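Read through the structure below, which is laid out as structure tokens, and then see the notes.
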Amino acid sequence: MCLAVARALLGPGVYNRLLAANLFGTKTVLLLAVVAVLSDRPEFLDLALAYALINFIGVLAVLEFVQSRALRRRLEDGHRLEDSKPESGPAPTTDRPE
Amino acid sequence: MNVQLLIDTASWILLLSGSAFVFLGGLGLLRMPDLYTRMHAASLTDTLGSLFILLGIMLQMDWTSSLAKLVAVIGFLLVTNPTATYALANAALLAGEKPRTAPAPEKP
Amino acid sequence: MTEVLGLYNYWVFAVVLALGLYTAAAAPNLVKKLMGLSIFQSAVFLLYITMDKVEGGTAPILRAGVGEQIYSNPLPQVLILTAIVVGISTLALGLAIVVRIKEEYGTIEEENIRDMDQS
Amino acid sequence: MILTVLGFLLLTLLVIVTGAIVRTANLFAAVVLLSLFSLLMAANFFLLDAADVALTEAAVGAGISTVLMLAALALTAETEKTASRLKWVAAGTVTALTLVLLYATLSIPRMGDPSAPVHQHVAPWYLQNTPHLIDIPNVVSAILASFRGYDTLGEVFVVFTAGIGVLFMLGMRRFPAGKRRIPPPQTLGLKHHLVPRTVGTFILPFIILFGLYVQFHGEHGPGGGFQAGAIMAAAFILYALLEGERRALDIVPPRVLMLLLASGAFLYGAVGVMCMLLGGNFLDYNVLAADPVAGQHLGIMLVELGVGVSVTGVLLSIYHAFAKREPA
């Protein structure tokens, strides 16, 4: 865990921190599970469950944030495709109304 | 009695190897040269590490509903963590983080 | 030794509180200020939850069939439990105000806003 | 012993992370670090025997606060630009305050001291009387919903008011009807990312199920309306992230959100008034059923439901208010 936090602090940049935070989330789940069993109250696994379920929403939000930012920049730059765009990247033109 | 000993041994082996994986993941996270390789190291913790540790805990427990909860935790971890890693890699790529070249240290 | 360990939580509370307060006071950016407030708030939560701990106790969820059992103090937990949710709602309110400021002034830096107000 | 050491370690990490948050000028990085901060906080709460609080922090901090912060950043700016002139004044004042606080800690009872004044007055009464007055295992829920029901009513109304405030600030504007322009980026969601979409769709029912479990199992284990509300809101936010704002608002339209927002708080108050009509005091659940204990059970369940609905409604409306807004 210390290592993860060290990476989170060292960076460099946002994404390394994010990776570290994500890893830290997993470790928190493990920690909660171990502590719940150690302190002999296994019903507190609920907490670990909550984390396991919810933790990745934050990362998805980051993806959404970055994606919309990249998209906005492209729109502002008049569709100059200077960003390296992955296959799975956003393609606003194919957005069909439903 | 013998069975008990066997279960204990197995659980300790699982717990220790799980901790080893978690530690290695952390080490890799710290030592690897760039984001994508670090991600690879981190996924070690996410999958093998957590799987082993939780299995080790499971062996120590009685047959209660908590056991089912642990199974659920394992299942969700194994499903959500790779997704999170995917989203992260995608976000980083979209934001222009280049693989395999040491990224210029953007000091916060 | 136990004295030191027992007070460590309070020291952490004091330092985190100070850092939060410093951010709220000195950060020029409004979003950063709100982050500082949120840290400040969390420090207070930590203080309350630290107070609820009783040595050898366990969480105040009564267990049947376990003879004598010490439970930690449930009262601070109730207060903080609600405070966390209230905290996030008020944080959202603050963020909403910041968003409106950004829309009106085009900036969320305190200095710039003040300059614009004076001119 | 090992738990004490662990707590020590976690607290140290907490301080370090806080320092990092304060120092970074990149707000995006600060948000990420803030989520780490919240994780550490929740782990600490758990180690300090506050399971319910840890669950709340988990439900709120892990998902919702990050999402809200990012939504706000998308609408404002990402980096801090200017440096404050008052920096040193503030630093000096805060340092002085810290020294005073540290000095003050020397005279308070150490953590876990059973003879500390906090543990003497009302708390033992609650612990002793919960079994026969209310008869639910979770004393925290009992105090929250029954013994100190007034407080909680107040809190719910604060949350409600904050939600209304955000709605006033940012409005629930409808999407522009004209089809001439490209939709704002936030409306797209993650439709083109197959992996998160599949996994999210798979996991979504489980989150909702878990939210319901936390809601209705809150009397027996850690949980209750506040946590459940946050978890449910997180589930719907996940849906909005995956499928885009528009789809999410089709599923839960603003009108329904308003209804949720209001009906939760209303339900809470209505239970109180109901008690009065049945001849008891406001929020005195004993009169709700023939048997006082059964009345308490019913009252707590209804009140927690009200809290859960209200919190879901508020958090979700707040999220939509942010996400629908277009960057200036």
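Labels A, B, C and D are assigned to the chains in the order they are written; within every chain, residues are numbered from 1.
Keep this in mind: a contact is a pair of C-beta atoms (placed from the backbone, for glycine too) under 8 Å apart; a residue touches a chain by one contact, two chains touch by 3 or more.
Values in this document were obtained by computation on a predicted structure and should not be read as measured data.
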**Maximum inter-chain contact count - chain pair** = C-D
**Request:** Compute the distance, rounded to whole Å, between the mean C-alpha positions of subunit B and subunit C.
**Result:** 30
**Asked** Centre to centre, by mean C-alpha position, how many angstrom separate subunit A and subunit C?
**Response** 23
**Complete:** In whole angstrom, the CA-centroid distance of subunit A from subunit D equals 20
**Complete:** Chain-centre distance (mean CA atoms) for subunit A and subunit B, in whole Å, is 15
**Touching two or more other chains - residues of subunit A** = 1-2, 11, 13-14, 18, 20, 39, 41, 43-44, 46, 49, 53, 55, 60, 62-63, 65, 67, 69, 88-89
**Prompt:** Counting only residues that touch at least 2 other chains, which ones in subunit D make the list?
**Reply:** 26, 29, 51, 73, 190, 193, 196, 200, 203, 206, 221-222
**Asked** Multi-chain contacts in subunit C: which residues touch at least two other chains?
**Response** 58-59, 61, 63
**Message:** Thinking of each chain as a vertex joined to the chains it touches, would you call that graph a line, ring, star, complete, or other?
**Reply:** other
**Complete:** A full list of chain pairs that touch reads A-B, A-C, A-D, B-D, C-D
**Contact set on subunit A toward subunit D in their complex** = 1-2, 5, 8-9, 11, 13-14, 17-18, 20-21, 24-25, 28, 31-32, 35, 38-39, 41, 43-44, 46-47, 49-51, 53-55, 57-58, 60-65, 67-69, 71-72, 75, 88-92, 94-95, 97-98
**Complete:** Given the complex, residues on subunit B that touch subunit A span 22-23, 25-27, 29-30, 35, 38-39, 42, 45-46, 49-50, 53-54, 57, 60-61, 64, 66, 69-70, 72-73, 76-77, 80-81, 83-85, 87-88, 90-97, 103-108
**Message:** Under the definition above, what is the set of subunit C residues touching subunit A in their complex?
**Reply:** 58-59, 61, 63
**Complete:** Residue set of subunit B touching subunit D in the complex reads 72, 76, 79-80, 82-83, 86-87, 90, 108
**Fill in**
Listed in rising order, subunit A residues that touch subunit C in their complex are 39, 41, 43-44
